[in-house]
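Next come two complexes, and both contain chain A; in the first it sits with chain B, in the second with chain C.
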Partner chain A sequence: MSLLDVRNLEVVYQLRKGLLKAVDNVSFTIEKGEYFGIVGESGSGKSTLARAILRLLPKNGKIANGQIILNGKDITQWSDRQLSTVRWREMSFIPQSAMNALDPVARIGDQILESIQAHENITKEEGYRRAGELFKMVGLDPNRLRDYPHQFSGGMRQRVLIAMSLSLNPDLIVADEPTTALDVIVKDQILDRIDRIQKQLQKSLLLVTHDISVVAENCDKTIVMYGGKIVEYAATGPLLRQAYHPYTLGLKNAFPRLRGPIQELISIPGSPPDLMNAPSGCRFHTRCPFAQERCIEEEPIITEVEPGHYSACHFPELAPEFRERAADGQLWKQARITKNRELQVRKPSV
Partner chain B sequence: MNDSNSIVFAVKDLQKWYPLQQGFIDALLKREKQQFVRAVDGVSFSIRAGEIIGIVGESGSGKTTVGMTALRLYEPTGGTITFMGEDITTHSGDRLQNFRRQAQIIFQNPYESLNPRSTVFESVVEPLRLNKIGTKDEHLERVLQALERAEISPPENFLDRYPHELSGGQRQRLAIARAIVIEPKFLVADEPVSMLDVSIRAGILNLLKQLSQTLETAILYVSHDLSTVRYICDRTMTMYAGKLIELGDTNTVIDEPFHPYTQLLIKAIPEVDPDVKRERVLLEGEVPNLVNPPTGCRFHPRCPFVMDRCRVEEPSLQEVKPKHWAACHLY
Partner chain C sequence: MSREYILRRFIRMIFTLWVIMTIIFFMFRLIPADPASLLIDSSLTAEGQQQLREFWGIDKPVFTQYLTYMGNLLKLDFGRSFFYRVPVMEVLGPFLRNSLVLMVPAVVLAIVAAIGIGSYMGWKRGSIIERWGIMIPLVLHGVPLYWLGLVALIIFSFWLRWFPSSGMRELGYTAETVWDIYFNIDFLRHLILPMMTAAIYLAASPIMLMRSSMIEVQNEEFLDVIRAKGVPERVVVRHAMRNALLPVVTYLAFLATIAVAGSVLLETVFSWPGIGRALVEAVNSRDYPLAQAAFFMWSASVVIMYFIVDILYHKLDPRISLK
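== the complex of A and B ==
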């Protein structure tokens, strides 16, 4: 049994303009002790997916289809009361902005204590003792438990949130862009800390990020999302070395590197799709330099292209050719010219 | 290019101190000495035509303040600013206006820096109107040309659109078109791609690179992201706590950095290639308080190579190798 099993998940938002399907038919599993990454651009549905798993969707969002099975329990339709038995104990959350996640007028120690006491009957002394241990684990001085959030820097506050997420020893931790608001050096400290804790305590971790290099260095497995769908899913090494999906290839070529020879950066033409008017067929076809008629008409199904490596492209057999040709910036530019015309025909207002 | 005549823009000993607020009574009775946040404290550099120079540093290093002060959008506390050989530090009125006619800025967030009620045409034509450049007939032509250069194509189709109808990447291109419509000699780009998705960033970076060449614009590129700096900048500066601590050609600064801080900054950047294993070096501590910065070298409390001398004597910027300067007592 997998620790987390997400099956055919569909999440919709009720907007004034109508229903927006932010996550569309997503399935994957996380085993115990696995470090899992989800990468995607804005609007790819990565954060919505994380929040749906945590059952923390905003009021206008709901799970329209599919199942979320945590430790063998289908929590998809659970009420808040039922969820409180698994939250913090079986799965917890590290949010993006530590500035907003802490109560500015309560001592840090009390806030940790409160989150423990909500689920366990323990004394204040015992709670503070445990909070002290958590502080040590994330590299903070336990003497500062009585401080207020404003006395901590951004990086330290993020450490507090990591400590909190561990307070009830959950099996799964979901981290939504935990380092996006931080500076390079602090970011590296935090990622290093998360990595060490994950390995030491054998936690399962689901890290949501837009930064492909963060995933490359930390995660065992990676999901690439585009327009609400999984486009590729594999162990991180093979995914980056031998990508099958043109979007993954494009993402890699667009990413500036600090080491090795300077390569021409190739941008993917256009911008991420508007999910209110999602493109037909393959959602990436409007930006894909390899798109053919079939891609416009028929939606590709995610299939296993190699053991443990899944891709949602109609042409997995052409992947070796794609990898070679994707390194040519000219090719992507041409894609833009033809595709813009197409877009104008379909949507005159954009 | 190496001719000193081609220097477009230079600052010398640039300082920007912000007065710290004090209580009314204290101020009245002069009970406390006025304190300052020394955001930029003695920075000097120059930029040639067609050159892109990058400033990197963490938040609080003063890099954005340098960009803003360089354009006289903030008033400098000390130092001199030279544009096209002319000292413009204290210019005002028409003479300042004349400088601004040739210097522009692109901000980080294209969602906030554009007027949502102005059409694309109105946004781009505004700098021409404000600076009284060209006739009405010329305006349309120049707007179309600027949009074309910013790769918003076909430009005619965009003239009547509003920012909300554009994607993030297009908005940043619009901001660029607006900045280049007057063909500035000097351009400050403050984190121009950090709000954009990775797939779109590359296009904007390539565009800036191209513009510096075709228009011979000198660009000051401010960013925390060394990998984008490496991609477009000819030279790179590192700032730490209001000080310029390293300056040199981008490839030498990134491949063989001298200053321990630059070294650590580079080591902190993750690698996308799964076959390249990066050695993780952790730097403890945080950027110092700029009201009472550390004595001597401002980096000494966090520096792994700290010596006694670093605690008392402030290192000055030295040319350690030809055209590569660093402010560190190790050299």
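== the complex of A and C ==
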């Protein structure tokens, strides 16, 4: 039995203009002790996916289809009361922004204590003692438990959140862009810290990020999302070395490599698709330098291209050629031109 | 909270009151009417008139009068009423008491209700109760207090005859002791209508403020984290309220200003023998010492409220540094 089993998950937002499908038919599993990454641009649905798993969607969002199975329990339709039995105990949360993730008018220690006392009947002293141990684990001074969030720096606050996420020793920790608001050096320290704790305590970790280099350094398995769908899914090593989907190739180009020769960064032209008005066929076709007629007309189905490696591209057999050509910046610039021409062609019909 | 900080705020409060009283003192002296005409019978001999001027201290230059007045004020001596010819506090004391008995419960009730109702509306934004309920504070916010008082009188006093229409006690009643005045059913019957009118009027703005503050807080990420901990909903609401309260607390000082200004209208509409009415009468009869004292009471209550709010705010928000 997997620790987390997400099956055909579909999340929609009710907007004034209509329904927006932010997560579309997403399935994956996380095993015990696995470090799992979800990577994608803003608007790819990765944060929505994380929040759906935590059952923390905003009021206008809901799970329209599919299942979330945590430790064998289908929590997809559970009420808050039912969820309180698994929350933090089996699944905790490290949120996106360290700046607003703690109640500014409550003491740090009390906030950690609250997470423990929600599930265990312990005294304040005992809770503070345990919070102190957690503080030591993340390299913070236990004497500062009585301080307020504003007395900590951004990096320290993120460490507080890591400590807090461990307070009940949960099986799964969902980290939603835990380093986005931090500067590069602190970011690296935090990721190291998370990595060490994950290895040491054998936790399952679901890390959501837009930064493919973060995934490359840390995660065992990775999902690449685009326009609410999974476009590629594999063990991190093969995914990066032998990507099958042009979008993954594009993402790789857009981030600097830490080792090896200095290369020009190549960005993917255009912007993420408008999900209210999603492109036909393959959602990436509007920005893909390899797009063909078939990509506009027919939606690719995610298929196993190699054992354990899944990709949603019509042309897995052309992947070696794609990989070679994707390193060429000119090619991606042309992709933008095709898109513009398309727009020009469309104009008269309006 | 440092003792030094409180002391400094206290000194500033005294300074503010001094400025206010100086302005008020000279403002009354600028009114083109000689209070002497009220105090001194023109049929008296010139010598007699002079004696009276000396007795009331109005023979001296205005600036000397000012110094004497301020000196006495430090001892909380407001002088002698021109009209009643007795020390001001003897006249004003009962009026002040009556006003406080009316306005303090009204303000407290307004604050408590506003926090409760406002948070509920903010939390349940978009529900039927909120969508229709918000109209009530919106309308009350735009309505003048005297109009609200008159409507309350028409409905509850003249039509339904639930409450008496004016005063504090039945006509013809004379109290033996202070205790007698306030602690009985008859007084309560007189109190409810003006107090509720004031409370409802005063609650309108803070309800809307608390509501919008709650809506703003609702999207804060820390609430999601708290929710993810698996605590009961009421704990999440408590955190939200605690944070949403901060801007509302600042408003409370302003609420005191509205309450004080409103008490004049309210006491007039309900014929309540309070300080607001005393002030109106004092000004009409050019009873400067009495009017000045009434103004002082008003200003003091507002300034004290600001002082309290200031300290309260520091207690509630740890982010404010105590310098």
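Rule of thumb we're sticking to: the second predicted complex is superposed on the first by the 339 of 350 C-alpha atoms of A that agree within 3 Å, B and C clash if a C-alpha of one lies under 4 Å from a C-alpha of the other, contacts with A are read in each partner's own complex, and residues count from 1 in each chain.
We adopt the following convention: a contact is a pair of C-beta atoms (placed from the backbone, for glycine too) under 8 Å apart; a residue touches a chain by one contact, two chains touch by 3 or more.
These figures come from a predicted structure and were not determined experimentally.
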First, second, both or neither for A:H119, with chain B first and chain C second: second
Partner chain(s) touched by A:T236 [first = chain B, second = chain C, both, neither]: first
Which superposed partner A:S204 touches (first chain B, second chain C, both, neither): neither
Residue contacts with chain A in the superposition, chain B compared against chain C: B
Which of chain B and chain C A:S47 touches, first, second, both or neither: neither
First (chain B), second (chain C), both or neither touched by A:T222: neither
Touching partner for A:S271 - first (chain B), second (chain C), both, neither: first
First, second, both or neither for A:S84, with chain B first and chain C second: second
Residues of chain A contacting chain B in one complex and chain C in the other: none
Residue numbers on chain A that touch chain C, as the complex places them: 51, 54, 56, 59, 80, 83-89, 92-93, 95-97, 100-106, 111, 114-115, 118-119, 148, 150, 161, 164
Chain A-touching residues of chain C, taken from the complex the two chains share: 126, 220-222, 224-233, 235, 239, 242-243, 246, 316-319
Complex contacts: residues of chain A adjacent to chain B: 41-42, 153, 155, 183-189, 191-192, 210-214, 216-217, 236-237, 240-241, 250-260, 262, 265-272, 287, 349-350
Parts of chain B lying in touch with chain A, wherever the complex brings them together: 58-59, 165, 167-170, 197-206, 224-228, 230-231, 254, 264-266, 268-276, 278, 280, 282-283, 286-287
